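After the structure tokens below, expect a handful of questions from me.
When the chains are written out, they are named A, B, C, D and E in that same order, and each has its own residue count from 1.
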Amino acid sequence: MAQLPPVPLTLEGSGVLHQFFRFDWKGWWNTPMADRERIAGEAARLLGELERAHGGTQVRSALYSQLGHKGDLILVHFRDNFGGLNQVELDLARNPLYDFLIQVHSYVSIVELGLYESTRKTYEEASAKGHETFGPEWQAEVQATLERQARAMAPRLYPSVPDTKYFCFYPMDRKRGEQVNWYKVPFEDRQQMMHLHGLIGRRYGYQVKQIISGSIGLDDWEWGVDLFSDDPVAFKKLIYEMRFDEVSAVYAQFGQFYVGIRLPVEKLPAWLNGKLE
Amino acid sequence: MAQLPPVPLTLEGSGVLHQFFRFDWKGWWNTPMADRERIAGEAARLLGELERAHGGTQVRSALYSQLGHKGDLILVHFRDNFGGLNQVELDLARNPLYDFLIQVHSYVSIVELGLYESTRKTYEEASAKGHETFGPEWQAEVQATLERQARAMAPRLYPSVPDTKYFCFYPMDRKRGEQVNWYKVPFEDRQQMMHLHGLIGRRYGYQVKQIISGSIGLDDWEWGVDLFSDDPVAFKKLIYEMRFDEVSAVYAQFGQFYVGIRLPVEKLPAWLNGKLE
Amino acid sequence: MAQLPPVPLTLEGSGVLHQFFRFDWKGWWNTPMADRERIAGEAARLLGELERAHGGTQVRSALYSQLGHKGDLILVHFRDNFGGLNQVELDLARNPLYDFLIQVHSYVSIVELGLYESTRKTYEEASAKGHETFGPEWQAEVQATLERQARAMAPRLYPSVPDTKYFCFYPMDRKRGEQVNWYKVPFEDRQQMMHLHGLIGRRYGYQVKQIISGSIGLDDWEWGVDLFSDDPVAFKKLIYEMRFDEVSAVYAQFGQFYVGIRLPVEKLPAWLNGKLE
Amino acid sequence: MAQLPPVPLTLEGSGVLHQFFRFDWKGWWNTPMADRERIAGEAARLLGELERAHGGTQVRSALYSQLGHKGDLILVHFRDNFGGLNQVELDLARNPLYDFLIQVHSYVSIVELGLYESTRKTYEEASAKGHETFGPEWQAEVQATLERQARAMAPRLYPSVPDTKYFCFYPMDRKRGEQVNWYKVPFEDRQQMMHLHGLIGRRYGYQVKQIISGSIGLDDWEWGVDLFSDDPVAFKKLIYEMRFDEVSAVYAQFGQFYVGIRLPVEKLPAWLNGKLE
Amino acid sequence: MAQLPPVPLTLEGSGVLHQFFRFDWKGWWNTPMADRERIAGEAARLLGELERAHGGTQVRSALYSQLGHKGDLILVHFRDNFGGLNQVELDLARNPLYDFLIQVHSYVSIVELGLYESTRKTYEEASAKGHETFGPEWQAEVQATLERQARAMAPRLYPSVPDTKYFCFYPMDRKRGEQVNWYKVPFEDRQQMMHLHGLIGRRYGYQVKQIISGSIGLDDWEWGVDLFSDDPVAFKKLIYEMRFDEVSAVYAQFGQFYVGIRLPVEKLPAWLNGKLE
């Protein structure tokens, strides 16, 4: 079956937008208190609406107080399509709080479930029916399987933001070096490495929830990783342990890391008054 | 025929300018509504003129609402020459909307059709006539062939902007590493890799239109790639699949990726009023 | 015992925040002297509180006058958790001195003691009890050992800022190159290299105190190194000597280096008046 | 003759300064028209003087309208020494137009003629006289030869700016990689590669004029390359063809590329009024 | 003697601070002439004091007019300790000229004399007395030798700024690549390469004076190199020739290059009036 395609199948779900803002504390504290209170109220109102994506039952946007100079506030949004994400950007830009927000970074991606485990089976079943690889019937067959899986996976493809105290985001690539090149590794070897990699994640599953989104063609890294936990040491321990794992040790290239503390919308006015808790 | 030149022939068409702007929403919302309406009108008028390149029937400029912090508005312009592109820059700089635009990136290139398939045939025919390689008759012969092909390819060399909802742009290089060096690969191998690469693009052709422009000597990468589709997931799937293809897996180096949603000129005033749709 | 995990055990203590600020001297000297005196007083009051973490006996925050354009003032904070660090950021942002501070860099990490020497022993003891590696009893066993060690190491996990005249900070990674990859080196070899590395540090121990913090998953490098000494030449000599050591020569990748002179809180008003001493 | 030095002889001529400016269009269009006219006039007067280097017959400074966000105006200056270049900077800074210029890049170099073809002959002749290599007589002999050549080459060492419509500038290095290292290649091989490289340039000579300047020790790349042509496609074709040439394919490392359209001083007021032509 | 340490001994002298400033010409020319004259006078007075380090006979600070956009003014300071350098920063920040200075770069280092030639002899003599390597007597022995050498070398360790017209500064590292790693090269080979390297410098000694300072642990590169000459072409020729030398060709990694023209303090007012001479 050497002629099967080397690319693993993926399922795509929500569009994802990460926004990283510095907050203009100098301007803020020089604003009269009455104005600050009004602005805080209008911001909390908008963020409350965004959190529920204007009426749903899921938490689709979340706010974090960021540590360090890379920013002061992080917003993470899941929406059904890119138009929805772009409208969030426009809504924020119109809110009075925006006068004090300086956007310093962002990340655009789509929730992705990589199907390394089932891809070969899907390809082989399509081929077993006698269809020519990449021919229209073969593609239709593969597409039908993907759609079945997408329905089964819908809760993971269109997730709520996990309700944890700490948040970690980083983007990553698979290396395409001169000698070490993930995209030249045989499918079976990649599948095996991803399998072992998943075992580590599963061992930390009781402590750390993760959402993977794909950004090839959409932003500057290939994937974004969101981790959610009630203990920030768990981020450090999980990623350190993974770093010794073949697929990370050899093939992973990491971008910047961003860490925040969940800021429930109702605590935003207190935060704007200088109090985290 | 080992003495034939290693460089593939190319056809050049329109000059291309990509412009990426942040929009000064703070300044905008602090501008009186009547002024905003007037400015939106003047901007729409200019962009309408630019879209048709001051009178043609083709769509030669297009506007996109960009996702993420890398910018808010993207403008893509095709013009017959660099003077035309430079005049577009001056025209925009004079428009009242320019007070709210901060240009953060751009890309300068020329629409290019790479002729890997026909280059050898062209070289061999010129040589078959007994002309010395690179001699004046040989060059004239090659030049004549190129001009015939350019006439046949004119619609692709001087394209209209495809009418799709989503847009993706990225620049790229061919690697010149210590061991992996595209420019040292024999012509036949490059030709074969480009051929297989093209097959993937063709399979996605019903979903994704692409325009390649060359920028060697003009901007900081060797090529720019514009993709147009009504489904942004198609950008991700196409580029992911290509990444496993020899010519990309081993020889491609990618710059930043930019994604936008088409903003028809008539919808610009609504966008300036905070509404994508 | 080849099946033992390759990751060394670590103990985690205080959260650490480094802040690097440029000081707006132009704005400062254009501020009336009475205002400057009032602001200097309020800054000294807050920094005095931060130094003792609002009431403890340890020095948990320290201020340095930085050399060079990378900043003018450095603040280093140790706190029991990330919430405490984030609250420090908010407290500073509210202080009147903040009008003259431009934060240009920061570093987020957690005090870490790497247990290369004892890790194998801990793993083997847990395995010797017949528990399956990574099984729940095995993990509980390892966890219990870690907790015993953490109690014994508490003074180093929750340190006071050493009282020295000079300060040096830099972040670092272990290399994951195509041929040179720390994360692929067998545990025993890493342990041996870390042991020899430690010997150099110990030789300089009478002159240079160091605090290592881990930042995998928290910031852009894997570790942060704080050095404290009364002689800045000692920083240079120690790090130069280490650079010839296998683990640094081959496997270390360094970020930027930051150097400062301790500024006791009571000398801040003089500094703000242009006098270091 | 293995003991001959590996460094090729060079001749040095004019100091060269490239300046890249963004133009503050927002400030400009908000300036009253009478002021704009006066400032445009004073700018044209100064640039007219600079063009002739305050009285010569050669064109020693030239102005270009730049494409893309990397800048709006490029100035290229050739002067007899660095003091002359520095005085140009001071003269511009005093001109009223400078209020609207934001310098975003520059390049400092010296016109250089590399003598790969004649170096060995010069060395051998000096040695043939029995002088010890690098001894005072040997050096005097080499120096005398260089001075003869410099007199013969004076028009190329102290050039006028070629009178073409388009301009391209880029800096470059020769690679010093772990396996690919220009500075370890035997002199003869470098000489041969440079010879073949020159042949491509010569084939394009009717279309593209080039001026090479050296910047080792003066700026961040080793050389600067200025290309002048009436057809911008010639830049792309020439550099693409060269990229397959051994010396570029393997040993060249390129910086950013800058492209502009010649703006004769008398057309500057029109450009400042928003018209390229 | 394989057990001797691989690190070469070094002598340390003055602390060194390089400061690179852009000058706000726009603000300057918009300042009334009387104010400009007063400010120029106060600046010249302070720089005169700094030049002599408040009373010494040596020239310990020097001012240069920089070429290109990387800055307009360079200040180089030698002081006995870091406190002295930091006080210079505070003194400048208080001078009225500082309102027009934008610090864009700096470099912090310590004058260093590398003792590759004598290190082995020093180590062997200490060992010959029967002391254990790195034992307290061995260290005392080495230390005593270093102190003798430091006394003999005092004029070079605490230098005056050479009185030349042109100035060049650049930082550099020794490479620690995957195959090419200076810190893994045997001592004898490093010593030999440094010896040959020194011969080139000596040949240029009549034209170019150099001061090496070390910055491991202090700034972002390992060394800083200051070159002083009355002919800027000498910088280019010296560094080009060195680049073919083994230790540079293979093991050197260079940062940015900065070039300036000496501005005697008494000419600063003329410079501030737009005249270099």
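Everything below uses one rule, namely that contacts are C-beta pairs under 8 Å (C-beta built on N, C-alpha and C of every residue); 3 or more make two chains touch, one makes a residue touch a chain.
It should be emphasised that the depicted structure is a prediction, and the values quoted were computed from it without experimental measurement.
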item: Fraction-based call for chain E against chain D, same above half, different below; value: different
item: Geometric centre distance via CA averages, chain E-chain C, whole Å; value: 29
item: Euclidean distance of C-alpha centroids - chain A vs chain E, Å; value: 47
item: Sites on chain E at which at least two other chains make contact; value: 178-179
item: Graph class of chain-chain contacts, one of line, ring, star, complete, other; value: ring
item: Cyclic chain order when read starting with chain B and heading to chain D; value: B, D, E, C, A
item: Interface residues, chain A side, partner chain C - complex; value: 23, 25-26, 29, 65, 67-70, 72, 166, 168, 170, 177-180, 203, 227, 232-233, 235-241, 243-244, 248-250, 252, 256-257, 259, 261, 271, 274-277
item: Residue ranges of chain E in contact with chain C within the complex; value: 5-7, 10, 12, 15, 17, 19-20, 82-83, 85-87, 89-91, 93-94, 98-99, 103-108, 110, 134, 176, 178-179, 181, 183-184, 214-220
